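In the two complexes below, subunit A is the common chain; its partner is subunit B in one and subunit C in the other.
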Partner chain A sequence: MSAMLLPRDPVWRWFLGTLISVPACLAVWWFYLRDPLLSALAWAVGAAAPLLWPETVLDLKMQGGQAWLISLVPTLTDPPRLFTPLPLPLNRAVAVFPLFWGFTLATPGRGLARRLLLGTVILLPVAFLMAVLTTQFHFSLFRTHVPALTLMPPSHFGMVLPDSPTAFYLWGVGRQLSVLVLPIVAPLLVWLGLHGDFIRNLLFARLTRRSVDAATRPAVTPPVLVAVDAMGQETVGQDASPDDSLEGSSSDDAVKEDSPSDSARQEDSQGEGSETESARQEDSEAGTAGRGISRSENVRSEIPGTGHAGEEYPPTGQSSREVPAP
Partner chain B sequence: MRRFIFTFLGVGLLLFGLVYLPTIRDHLIAPFTDSLTVIAGWLITTFGGQAWVNGNVLTIPGFSVRILDLCNGVEATLLLWAVLLAYPAPWGYRLWGLLLGFLGVQALNMVRIISLTYLGVWKPEWFHWVHWYVWDALIMLDVLLIFLLWLRRLPPPTDERHAAAT
Partner chain C sequence: MRRSPHRMILLLCLALTLPGLISCSAEQSQFRYAMNLIFSGQVAAGARMLKVLAETGHAPSQLRLALLYHLGQGVPRDYRKAAHWYAQAAQQGEVGGQYALAAFYLRGVMGPPDPHRAFAEFLKLAERGYAPAAYYVGIAYAEGEGVTRDDREAVAWLERAAEGWHVEAAKRLAKAYRAGELGLAVDARLAEQWEQKTQPPRF
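And then the complex of A and B:
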């Protein structure tokens, strides 16, 4: 019953799966994994801070899920403060992980644990970079003391030279990218990078169709023709030309060309030909979801007159059948 | 594929760099955000609710929201535009994609704004999580969905464009 409700199109199936898995991963992350990830990231930024901002940062502490940066920049207050705690939002930096997990869980294929682990490891420096960019902008805001984007500087001035307008703008762009854009784009890019076969076969099939066709096109692939003679007997031959068939026919509908799915099925049943093998290898790499599309493309490419991808075959009015996966 | 990814990154950085210029923010993004607030307030009152709009602040009985970056859907729209501009396609299809993609993202974003406003009344403790994470992911999926639908509407690629893409 549940299989009937699922869409047949693998792209839509993936999309619906993502709609379920992403909120689920976000919930698990929020309730169970957020605090450990935040602590780890705060520890990493705190460890790198003396190298990145040696005269500005004293320490970075976590308190109740909130990271606090202890700044060494004295403030223009009476009496002057030697240390200034600056709130540092790091939630967005660690939100890249559940999004990536959600995408990956919805993607068919083998090695799920390996893909999850590898993607998480790749995203670790991205999250660190986001935290560093956010921290840098907060320092810049504190030093320059000019409202920027949607943020207001602290009420007290830091006793330090402000950043130049260009540097302030660039740090602002960095902050926007790290808080607003990278949390969305980074998991998507890592997911794209780790699921090349799925992407190529389903989402970006148009972009890469030529290379797929070239890789799977056999050297010589004449069409399979069936000639029906006057007695109604069928003659099947791979090297039969249409003219030859016409000579043996006695009526207008005596010659008929196999539909692409028929010829492909024959090849599949015989289990011969490099084209079939290469397509099968590609199918196994792409996973179950990619089979239909890559098989259809192979079939299209071997029919004369339908050489370029996307042309409808058989022509309008004839039924097109899906090639069964081997 | 590689060319597409690099073009996407380049166009994206260019668009975001432009949008965050103070002049563009003051004269284009801020009025646009205000107009979104007005539309959200109008929609709420049209469907029988009570709403007040002041600049980019939308108020309903019991809760107020200020519409800022990300909430105005600009980032999502720019992401979609960067993808559409980077993908090899005829310019006519690109322009339709840019226009309809913008409308698609903003339509869902309007649902986001209004739903979050009412969520603030109903379950204020959920607001932060839903606002920053759930709706963020849903908007991103919306961008992806629009891109996939656009891909399916594209004409068959010619050999020249194939060659350019690969």
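And then the complex of A and C:
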């Protein structure tokens, strides 16, 4: 029953899987993994703070599911304060992980754990970069004390000179990159990089095959299959296709046609000739080979034992040859 | 020979972090350690470390030590010592040092108020683009405190401070436009514009 509900097209199957797995991964991330990931990221950025902002940022701390930047810049209050805590929205920096996991879980293929692990490892520096860019912008906002994008500076000035307009604009671009672009683009790019075969085989092969088929189909003239019986009388088959005549006539080939690796190809031909395809499948299921012949009722009626054609065809006393159509 | 991608990633990470490791000097490390001590509640130990660093001429340590003397945290409150270390930090261009020293002169923390020295300190800082200092310069010009009264200069400095999102400066300008002060003609539209500066922008 469930197999009937699933779409046969692998692309649609992947799309449906993504629709299910991405929200599921986001839910798991939101309820269980967000805080640990944020803590780890805050720890990493805090560890890098002495290198990146040696005299201005003390640390990044987590409190109540919120990351806080502990600034070393004193605040211009009365009395002045030695430390300034600034709230940091870092959720999007760790949202890249569930998006990537969702895409990957929906993608068929071997080595799922390896792909998940590798992609997560690749995304770690991306998340770190996003956190650094966000931190840098919020610190710049605190220093410059001018509203930017959709953000307001803290109410009090810091005891520090503002950034130049160019620097402030550039940090704003960095913030937009880390908040709007990277959270979507980074997991997609990593997923594309790790599933190149899937993309090529399914999407591009499908598109290119369709265009090639459309270009070549009218030029192909189906050969006419002629069965010659023992008396020398010829019977002409009407609808033998060139593929059919070229492919092997053993029962192994018939089984091979139905193998999953050729499923995409079957999908392609479904749109154009579903009747032909269904007949072909019926034949192969019945164990017949030489499908062009078996589909021709004239020939079928003349050849004894067509149910085991792979073994009996051509039968003793009969010969077959393909005569191209004039 | 084919290199593994993991090794390449590791080398790349090392190459990226190496300049940062080199740029973090010993003074900076000690300063951060002292500030960590203060943040974790060991203020006296942090103050002792800052004093050692301040005496070597480390400007950020001088400013924080001055703040500790000013606030009386980890050390006994001592405005003279605070002013000394503020001045030391200000000489090296620390914004906090310059601003706090000017405020000390203005309030007369170390003796009688000295608006002229306060104005001179605020002006130096305002010229560097610090909006709170620009506001005080504007107010000084408007009220003739420490400098000859000059409405044109007052408006110019207040506008500069308000552009730097100093709310008090924007309020003062709005009041001046509404009441026709500082040599300005009454202009309700401009008054409203400056008042909007005091509100958070609507995104």
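Throughout what follows, the second predicted complex is superposed on the first by the 203 of 326 C-alpha atoms of A that agree within 3 Å, B and C clash if a C-alpha of one lies under 4 Å from a C-alpha of the other, contacts with A are read in each partner's own complex, and residues count from 1 in each chain.
Heads up, the rule we're going with is that contacts are C-beta pairs under 8 Å (C-beta built on N, C-alpha and C of every residue); 3 or more make two chains touch, one makes a residue touch a chain.
For clarity, every value in this text was computed on a predicted model and none was experimentally measured.
Of the two partner chains placed by superposition, only subunit B is touched by A:11; subunit C is not.
Using the contact criterion defined above for the overlaid structures, shared-chain residue A:150 touches subunit B and also reaches subunit C.
Which of subunit B and subunit C touches more residues of subunit A is settled by the count: it is B. Of the two partner chains placed by the overlay, only subunit C lies in contact with A:76; subunit B stays clear of it.
When the two complexes are overlaid on their common chain A, residue A:54 makes contact with subunit C while staying clear of subunit B. Looking at the shared chain after the overlay, A:91 reaches subunit B, while subunit C stays out of its contact range. Residues 150 of subunit A lie at the contact with subunit B in one complex and at the contact with subunit C in the other. Here subunit A touches subunit C in the complex through residues 48, 50-52, 54-55, 58-59, 70, 72, 74, 76, 79-80, 82-83, 125, 145-147, 150, 152-153, 157, 159-162, going by the rule given at the top.
Contacts from subunit C toward subunit A in the complex involve residues 13, 17, 20-21, 23-25, 28-29, 31-32, 35-36, 38-39, 60, 63-64, 67-68, 70-71, 73, 94-96, 99-100, 128-132, 164-166, 200-201, 203. Of all residues in subunit B, those touching subunit A in their complex are 1, 4-5, 12, 16-17, 20-22, 25, 68-70, 75-76, 79, 87-88, 129, 132-134, 136-137, 140-141, 144-145, 148, 151, 154-159, 162-163, 165-166. Across the interface of their complex, subunit B is touched by residues 11, 15, 18-19, 22-23, 26, 30, 91-92, 95, 98-99, 102, 149-150, 169, 172-173, 176-177, 180-181, 183-185, 188-189, 192, 200, 203-204, 206-211, 308-311 of subunit A.
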